[in-house]
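If you scroll down you'll find the structure; I have some questions about it.
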Amino acid sequence: MNTTTSTHGTLTLSADDGVLFVKISAPPLNQLGPELVSDLVELIQTLDTGTPHKVVVFSSADPEFFISHVDLDKVTEYRQAAAALTGEASIALLFRRLSQTKAVTIAQIEGRVRGAGSEFVMSCDMRFAAKETAIFNQNEGGMGALPGGGAIQYLTSLMSRGRALEVLLAAEDHNADIAELYGWINRAIPQAEIADFVSKMAYRIARFPTHGLRQIKARVNHLTLRPTDNFREDSDAFSAGIKDPESQVVIKKAIAKGFGSSRAAELRLGEVLGED
Amino acid sequence: MNTTTSTHGTLTLSADDGVLFVKISAPPLNQLGPELVSDLVELIQTLDTGTPHKVVVFSSADPEFFISHVDLDKVTEYRQAAAALTGEASIALLFRRLSQTKAVTIAQIEGRVRGAGSEFVMSCDMRFAAKETAIFNQNEGGMGALPGGGAIQYLTSLMSRGRALEVLLAAEDHNADIAELYGWINRAIPQAEIADFVSKMAYRIARFPTHGLRQIKARVNHLTLRPTDNFREDSDAFSAGIKDPESQVVIKKAIAKGFGSSRAAELRLGEVLGED
Amino acid sequence: MNTTTSTHGTLTLSADDGVLFVKISAPPLNQLGPELVSDLVELIQTLDTGTPHKVVVFSSADPEFFISHVDLDKVTEYRQAAAALTGEASIALLFRRLSQTKAVTIAQIEGRVRGAGSEFVMSCDMRFAAKETAIFNQNEGGMGALPGGGAIQYLTSLMSRGRALEVLLAAEDHNADIAELYGWINRAIPQAEIADFVSKMAYRIARFPTHGLRQIKARVNHLTLRPTDNFREDSDAFSAGIKDPESQVVIKKAIAKGFGSSRAAELRLGEVLGED
């Protein structure tokens, strides 16, 4: 091993034997805001311009939150930050672009992924989640909007119409076992084993010939990624949806209860959204 | 709570806080005949013309049969009843239309769903089934026809080619655990908990803003519902298939054994179809 | 019962009550070489020209290997053998053609299916695997190529993008429970029960009217089989991929370790591919 570690804003990078370990650290809640988006943009650019990293593993520095959701105070800013990569102010297109990076991407999920957090991990090539700590929620429906980061596109590819509708319409917190049953993730792995499990798989893949890995990923993407236009439309519909008067009432109520600010409320956000 | 209950032919309706509970009661076997179809037509019309019902929960008054299957003595009549909604004498198009109703629909499955019963619940947005009592069978293949109510369209969306072919070709009775594994339903829930589980989810969804719910459902339908023509073709192929001489022999034998008339035979229809 | 048994090269056939049991025997490793391909070509031709066999059950005479993978020494020869059926030297097109045979095909999987072995069983209509002995691996990515027999087409139909990418990129050995979870197979069945389970299902289906079975299969194929061109492209990409210099290094190393020759190495091929 010959690990080198460096910090780039919200991301801590450790490179080793063809694998790049990327730890997300955007305290206090690992929200997806302009800084994290900018750092992801830079990372994707690096991955696609001649780096030796064949495999990227994403994990979180916060054991309770992988990525909580977007920072609703900075929608314009984080969307603008995404435009630096794709030319368009859309998180959905950023995530779709991440699905197409040449490197193989693996999400090692401990703690909560909600909203754009769920969309981020779905845009990775594979997802493994800690049985005891991972929590999943595509919560936008509970706040009056459709998800704008590609959730509708990814969820309807990963699971049946019935399960996708449940996830989107009921906006509940789900544990890793349900996520595994529904196909939201590849597999639920015991918390004590997940880091070893994922890094072992990452090193294994990184030893295989580059040409074959890239060709496989490109072919699978060709068959499974939904059209760009779909992602763009969802992105626009989200921006419009959160401005709807009925949605604004619900969003303001959620913010008053601690959405985006209170760690206690965020820990049990699924319940909070269902309360009066 | 402010529940109002009323009976409309084969359907008992209870409205409460944005949720409409619909109990199916078409004794003795909850067969899909002209009366039940007419009542469903009226219900769908009501749902899409300014009612306050955001969510509909379907359940059965008969603990052993949710919907058994179509009434083979009245194919012309029930198809004609469906035409009142869609303009075409086809159960497949009626069910596809149900998938597109503005309300969110949830099937709470206790007892048997076979043939058109399975197709009805697959056309709902979500399906939860009682672990101990729910039985699933897409039995038409065992009687010499392809299913005419959309089963081929829905099954190939919900599960893999291999599992859809097994379900369709082997025409066996499956319990809720297999239905869950295969993706036929969202989840199997213990019988003692299913009513609470479903109504809690229904009330939760009904509290969320209407605009977001409808937009999510419309987008998911756009991505996951097969084209109308496919449903129409299956509908026609079923009508032709049951007239095939070899099919007629098998159908007559099944009727002689109690198909559509004997509760004892209907309880174990999966086995009956496999016997000489 | 009125079983007649005969041996045709690598295949032993037993016909009984509309079911044809086909046992694969190509010692020492049940590799897919020109002889097995020729025998499969002849079998498919027989199935589609007026035989009384409604259902075909494939199993293996070797309890440790169902089909190990292709014989890399005879790529040109086995591809040429496939051309006798489809007019094109491609295993992918042969397997796609098998998916379209009029008979219902069931794979009863005991032992290992890797590479083209996995592709063969995925081209069957249904797949049941022995819990204790079945092993699955789509190993081509570990040798620098994309799979050329249709794996990308079938895997992305059977399971989510994330699981298909894991299977293809990590090239690991998976047991029947994972294969069941991922949708690779219909179900994992205890070894002691699988032969009875499969034959009971086969006889059941064989009693149903032919017209309905064929119509169902044709409709499902129409909805679920990927276009011929996709299969052809994968087939060509595999042939090119294994000639890549980096792939050649890895392939030669695998052969030196016993790939295709040593039973001991083949038993644990998943591990072998991950070693230096």
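All chains are identified by letter, namely A, B and C, in their written order; residue positions are counted from 1 within each chain.
In the analysis below, a residue touches a chain if its C-beta (ideal position, glycine included) is under 8 Å from a C-beta of that chain, and two chains touch if they have at least 3 such contacts.
Model, not experiment: these values are computed from the prediction.
Undergrad: Superimpose the Cα trace of chain A on the Cα trace of chain B, which carries the same sequence, then give the rotation angle to the nearest 5°.
TA: Answer in degrees: 120, to the nearest 5.
Undergrad: Since chain B and chain C are copies that touch, is their contact same (over half of the numbers shared) or different (under half)?
TA: Different, since under half the interface numbering is common to both chains.
Undergrad: What whole-Å value do you get for the distance between chain B and chain C if each is reduced to the mean of its CA atoms?
TA: From the centre of chain B to the centre of chain C is 35 Å.
Undergrad: Can you list the residues of chain A that touch 2 or more other chains?
TA: If we look for residues of chain A contacting two or more partner chains, we find 159.
Undergrad: Report the residues of chain A in contact with chain B in the complex, numbered from low to high.
TA: That would be residues 140-146, 152-153, 156, 159-166, 168-172, 178, 181, 226, 230, 234, 237, 241, 244, 246-247, 249-250, 274, 276 of chain A.
Undergrad: Along chain B, where are the residues that touch chain A in the complex?
TA: 104, 122, 124-127, 157-159, 180, 183, 185-187, 201, 204-205, 207-213, 215-217, 219-220, 223-225
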